[in-house]
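Both complexes below contain subunit A, partnered by subunit B and then by subunit C.
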Partner chain A sequence: MANKIKNNIRQFRFENNQMTQAELADKAKVTRQTIIAIEAGQYSPSLELAIKIAKAFGKKVDDVFEYEE
Partner chain B sequence: MNRAQKIAWLFVITISLAVVGSLAAFAILYIKVGMPKALASLALIGIAGFGGFGPIVFPKDKGKITCDERDTLINRRAAIAGFGASYLVAGLACMLPFFILGPQATVAVWWLPNIFGAAGLTLFFVHSVVILVQYGRGGEKS
Partner chain C sequence: MNKAQKRAWLILAISIATLLASAAVIIFVHINHIDVIGLSKPTLTGRILGVVMTVPLILIVVTAWRLPQKDFDERDKLIDHKTVIWGYMGAFIFLVGAGWFIIIANHLGTIKSMLIIYLIYLAYFVSASVSSIAALIQYSLGGKNGE
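And now, the complex of A and B:
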């Protein structure tokens, strides 16, 4: 089943001084593997983690994640 | 590859070696000396015990985040699959003699700990395989 949660993490990482996945993982307090899985759309994060990731970019959750109907 | 994957690989390798080794030894001993001496080959199942050294062989990385919500979820799913599989093995081990030998047959009591052991091996094996499969889907591309 395709993941309906899309994200713009890759784009925001690029816009934030080309932040690495490891740096984002440190900010969100998760492993780099988890960031890779989220970015690839293979794992949908919890609301708490989604907020942490959005905060790491200084954005709202809606800007980083979107649900496709 | 993270620590959970390394430990899972160790379990898969040791349990596979133990099962294949003991089955091969059983086949050879059965031909050479017959039953019940061939049952001594089951001692090779003990090789699987080396999987228990995983947490010592692969210590936690200090100062790094080693476990997050995804790891917890993967471990929980793997545990459910493992316990489900072990329940199935225990169930089959109870029901197969009933259907094959019939309701009036008797089974030696020493089979009971063997069934428990087989269920345990199944639990650890399936748990490890499911961990590897789930992490495998995530990929490592950056």
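And now, the complex of A and C:
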């Protein structure tokens, strides 16, 4: 089943001084592997982690993650 | 490869080595006409299989108990929970299958109690192998959905 949650993490990373996946992982307090999996759409994060990632970019969760009907 | 994946590989290697070693012992005693189920030489077979299975069992328990605290996030926890379920399923299916096999193969309906202990040992190693494989597959697939 295709993942319906899309994200703009890659785009926001580049907009934030080309933030690396490791830097984002540090800010969200998860492993780089988890960021890679989320960015690739292979893993849908919990609400808590989604908020942490959005905060790392100074954005709202809705801006970073989208649910496709 | 993170610590959880390394741990899964280690447990898988120990389990497979144990299953192969146990199979080798069983084949050896069969070739030498030692009845494993009847345990006509229970001391010899029991001691060999006991050492072959107990040492790695302790190794796996110690390895599995030492969950990596650092670099272990929500995705790792989710994968870890799922692997436990897969492990239990593997052990359950193995025990049910072994039970049916014994009923079919041993129609007289009598087995040695030692065989039950070995089946429990084997079920543990099957469980450890299945959960390790499940962990490695889930890591390669990304881990799917968060809680």
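Please note the rule applied: the second predicted complex is superposed on the first by the 69 of 69 C-alpha atoms of A that agree within 3 Å, B and C clash if a C-alpha of one lies under 4 Å from a C-alpha of the other, contacts with A are read in each partner's own complex, and residues count from 1 in each chain.
One rule holds in what follows: contacts are C-beta pairs under 8 Å (C-beta built on N, C-alpha and C of every residue); 3 or more make two chains touch, one makes a residue touch a chain.
Being a predicted model, the structure only gives us computed values, none of them experimental.
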Which of subunit B and subunit C A:Tyr43 touches, first, second, both or neither: both
First (subunit B), second (subunit C), both or neither touched by A:Asn8: neither
Subunit B versus subunit C as contact partner of A:Gln33, first or second or both or neither: both
Subunit C versus subunit B, contacts on subunit A by residue: B
Which superposed partner A:Gln21 touches (first subunit B, second subunit C, both, neither): first
Touching both subunit B and subunit C, residues of subunit A: 29-31, 33-34, 37, 40, 42-43, 45-46, 48-49
Complex interface listing, subunit A residues touching subunit C: 29-31, 33-34, 37, 40, 42-46, 48-49
Touching residues (chain side subunit C, partner subunit A) in the complex: 2, 71-76, 139, 141-147
Complex contact set, residues of subunit A against subunit B: 21, 25-26, 29-34, 36-37, 40, 42-43, 45-46, 48-49
Subunit A partner contacts - residues on subunit B that touch it in the complex: 2, 65-71, 135, 137-142
